[in-house]
Amino acid sequence: MPSWADFQPFIVSGLALGGVYALSGVGLVVLYRATGVVYLAFGAVGAMGALIAWSLINANVPDWIGWLVCVLFGGAVTLAYGMVFGPPLARRDPLVKAVATLGLTLVLFGVMDLLWTSSGGASRAITLPTDNSGFTIGQIQVTWTQVIGLAAGVVITVVTAAFLRYTKLGTAMRALANDREITATLGVPVRRVEAAAWLGCGLLGGVAGLLLADLVALDATTLTFLVISSLAAALIARLRSIVVTFVAAMAIGLIHDLLTPIQALSNYRDMTPFVLAAVALLAVSRHRVIPGSREEA
Amino acid sequence: MTEHRAVEVEDLTVRFGGVTSLDGMSVTFDAGTCGLIGPNGAGKTTFFNVLSGFVRPASGTVRAFGDDLLAMVHFRRARWGVRRTFQTEQAIEELPVFDNVAMVHEHARLSGASRRRDVLDAITFVGLGADPPARVDTLTAGQRRLLEVARAVVGRPKLVLLDEPAAGLPDEETAHLGEVIRAIPGHTGALVILVDHDMSLVSACCETTAVLDFGKLIASGPTAEVLRDEQVTRAYLGTAEVS
Amino acid sequence: MLDTASRTDAAWPRSRLRRPGRRTLIRAGVIAALFLFALLALPQLLSLYYVDAMTQVAVYSVVTLGLGVLVGRVGLVSLGQAAVLAIGAWVAARLLFATTQPYPLVLLEAGVITMVLGTLIGLPALRLRGLYLALITLMLAGAITVVLTTTNFPNGGHGFLGYNGSTVHIPAIRRPSIAASDPAYYRYAVVVAALMFLLVLLHIRTRPGRAWAAIRQSESAALAAGINTTLYKLWAFALASFVTGVAGGVLAGAVHYLYSINFPTQDSITLLAVVLMGGAYSLWGAIIAALLLQLLPAVLNNWGVSADWLTILFGIGVLQVLTTAPRGLADQVPKDLSRLGRLLRRRLRRPAQAGGDPA
């Protein structure tokens, strides 16, 4: 069993990772509540944004422009998808809506592989200036990037929770989550509210993509499927509570990284989000009695 | 043990979150065809869902033909003899008429030897007017409703629950449906509970009627009397005609 | 009423109800002809490169068949069939290395073991509906993929896992003695695939198929009709897992060497995509899906075009299918490809129509 000292660096990295999962998870939950769509392409848009940023930075474009493009790309693609494919699928089962986003994922995946072929040897990387500066807490080294990761998670969670509760737009989103039709009859501009939700989620996707590209790896497959960790957190929160999403995301990030120094389990640590999500889903379903017909979905 | 053809509901209460859909409902259905009416949201479909086993009541009992219905697992109730139609018709598109009806017979674990005869009997009984191998998408709306009823009466049903079987049908088809419903108890020995908003259908078919409003039973007895009851009229004020 | 009843009874004896129509017989004939062509003639006509590709098509047509049953017939979406295939391949490889059992027996065992695992996993998962079921299959598949990356596929080593990390010379997974060459193995694969299709067809035409149709229509109506929906859903899972497990066994022999990178998570998604595009409901759809998945990439590769274009195509395909299908994923209405097929068939049949079955 590794010592406390062995675990320490992983607590930091786990918190940072958890923070990014949290901000992603919050984005997923808010979008789901507003539109009923589980946005499985979240990771893919972030991945492609990060790759675009990398290409730009490599072409000597100022770093901050690259990052901005990454975030905006996430927002733009997500908004475009939401506006084009949202309405025709609006009345369908959440399953159909989610599978549709898988279609987007495949498209992005194919484009990424086409434009940025997995070049055998040289690996790409995104580095933020905050990677190299940091401070130490006791024995542990902490980079500012990691602080940003954690802070972003906390800030987004708090801001989103407040936004949903106290602003007009946020309240409208909560109303939409309850019933789209009734909300429309109340004079709420449904399309505009949904657009805001899509855009917000997409922007968060871009941010998450950038941070994960830095903290983990700049690789299309890795980044695309990291969405599952955030999804796991959202599922644990039953796609409802922002706060639970945050807690779950932190837990997933921490557990994942804390398994690293444990020899016997280290290789299996990537299973963490899958296992936790599966357990959460099963725990949620324990009370079902009504099978419900398709109409009741 | 003689089976007394009756459904005895005692103190049935169903709660969904903060809403009480059925509130201490106590009534006995013992005529051949019984009506169950009430304004929208009164709890009629919830009651059927309790009988089907989709909803677990918070308290109360239901005894049907002397057996404790709630003790049975939902899909086994069909084997016991519960049959049901739904508000939105559920004919299985990809199967022909015969198979649609035969499936109910099959899963009620009735003998395969009598299956063909029983299915044809049910199809004739409702007056479907379509050939057994016909595909469901060739049927008219009225025929599909009749197919639903055929599925509900095939074999040896004990309790037939009809949930707005005439919804959306023109008058003459409703009248035909009414005749069929009236004949079910005599033909099969089953007890029929009919939920509908069409009062002329209810008064034509049902000997007794119970009325639900906000989950509470507000009247029960011979149909003609119940329909004249003041409380019932008041509960329905603002909704469609009470004939 | 008694008179009408006995008249109907006499009019529809058992034989008349069960007689296969003329259309069914013609269709069976066409299928038999196509099967014989694929089995006997095709390997003579194609280069080895394409024979290999068609072997993959045969393998994956069984996988898409299994997924098609789940999605198209029962209405359950599984995002984990690639993992099930990997399990089947793993089990088969292990048995092929560890024992000298005849190939058909190994395939059967691979199928059964995969079926048992699939059913065990399906058991708790079946309490979940629609979206959550799909997501949990994704989660479980992801977990299995991680495990596979660590345990690797058997390569002739010892121990339970049968993996030897340090061998330089890795033995090839063996093939049946009668089907050692590539064309011969292709034929073997086609025969196995045909058997799997027959197995599924048998299910669809009998009680489970009817129960699935009812469940897909409405689970509550099915329950009200006395159908034990959990049992039949499990049955579908078991069937899909079995055939996919067998396919995994055939895959093991086809490729000789198995690596975990050959089973990425994304495969489960593209599997669903092609099944949707080919048409989840019909058995032909499974074959079309397999052609999309395995033949097209081979063709593109041959022409020097990146297979990524196909990934993009599949993504677009998913979006197109879902936005135009009026009744959800398990829709009966044929998609463009099969709609085209119907159109052609109708055109071909028009001169021959002389008061036969209604089209």
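Which chain is which? They are A, B and C, in the order written, and residues in each are numbered from 1.
Basically, a residue touches a chain if its C-beta (ideal position, glycine included) is under 8 Å from a C-beta of that chain, and two chains touch if they have at least 3 such contacts.
Values in this document were obtained by computation on a predicted structure and should not be read as measured data.
Farthest chain from chain B, judged by C-alpha centroids: A. Remark: the per-chain Cα centre closest to the mean position of all protein Cα atoms belongs to C. The centroid of the Cα atoms in chain A and the matching centroid in chain C are 33 Å apart.
Mean C-alpha positions place chain B and chain C at a centre distance of 40 Å.
Rounded to whole angstrom units, the spacing between the C-alpha centres of chain A and chain B is 49. In chain B, the positions touching at least two other chains are 54, 86, 90. Listed for chain A are residues 290-293, 295, each touching two or more other chains. Among the residues of chain C, those in touch with two or more other chains are 217-218, 220-221, 223, 229. Across the complex, chain C meets chain B through its residues 1, 4-5, 8-9, 12, 14, 17, 207, 210-211, 213-214, 217-218, 220-221, 223-229, 332. Against chain C, the residues of chain B that register as touching in their complex are 52-54, 74-79, 82-84, 86, 90, 92-95, 98-99, 103-104, 106-109, 116-117, 120-121, 123-125, 131-133, 151.
Against chain C, in their complex, chain A makes its touches with residues 38, 85, 88-89, 92-96, 98-100, 102-111, 113-114, 221, 225, 228, 231-232, 235, 267-268, 270-271, 273-275, 277-278, 281-282, 284-286, 288, 290-297. Per the touch definition, chain C reaches chain A in the complex via residues 77, 124-125, 127-132, 134-136, 138-140, 142-143, 146-147, 149-150, 217-221, 223, 229, 264-266, 269-270, 272-273, 276, 306, 308-319, 322-323, 328-329.
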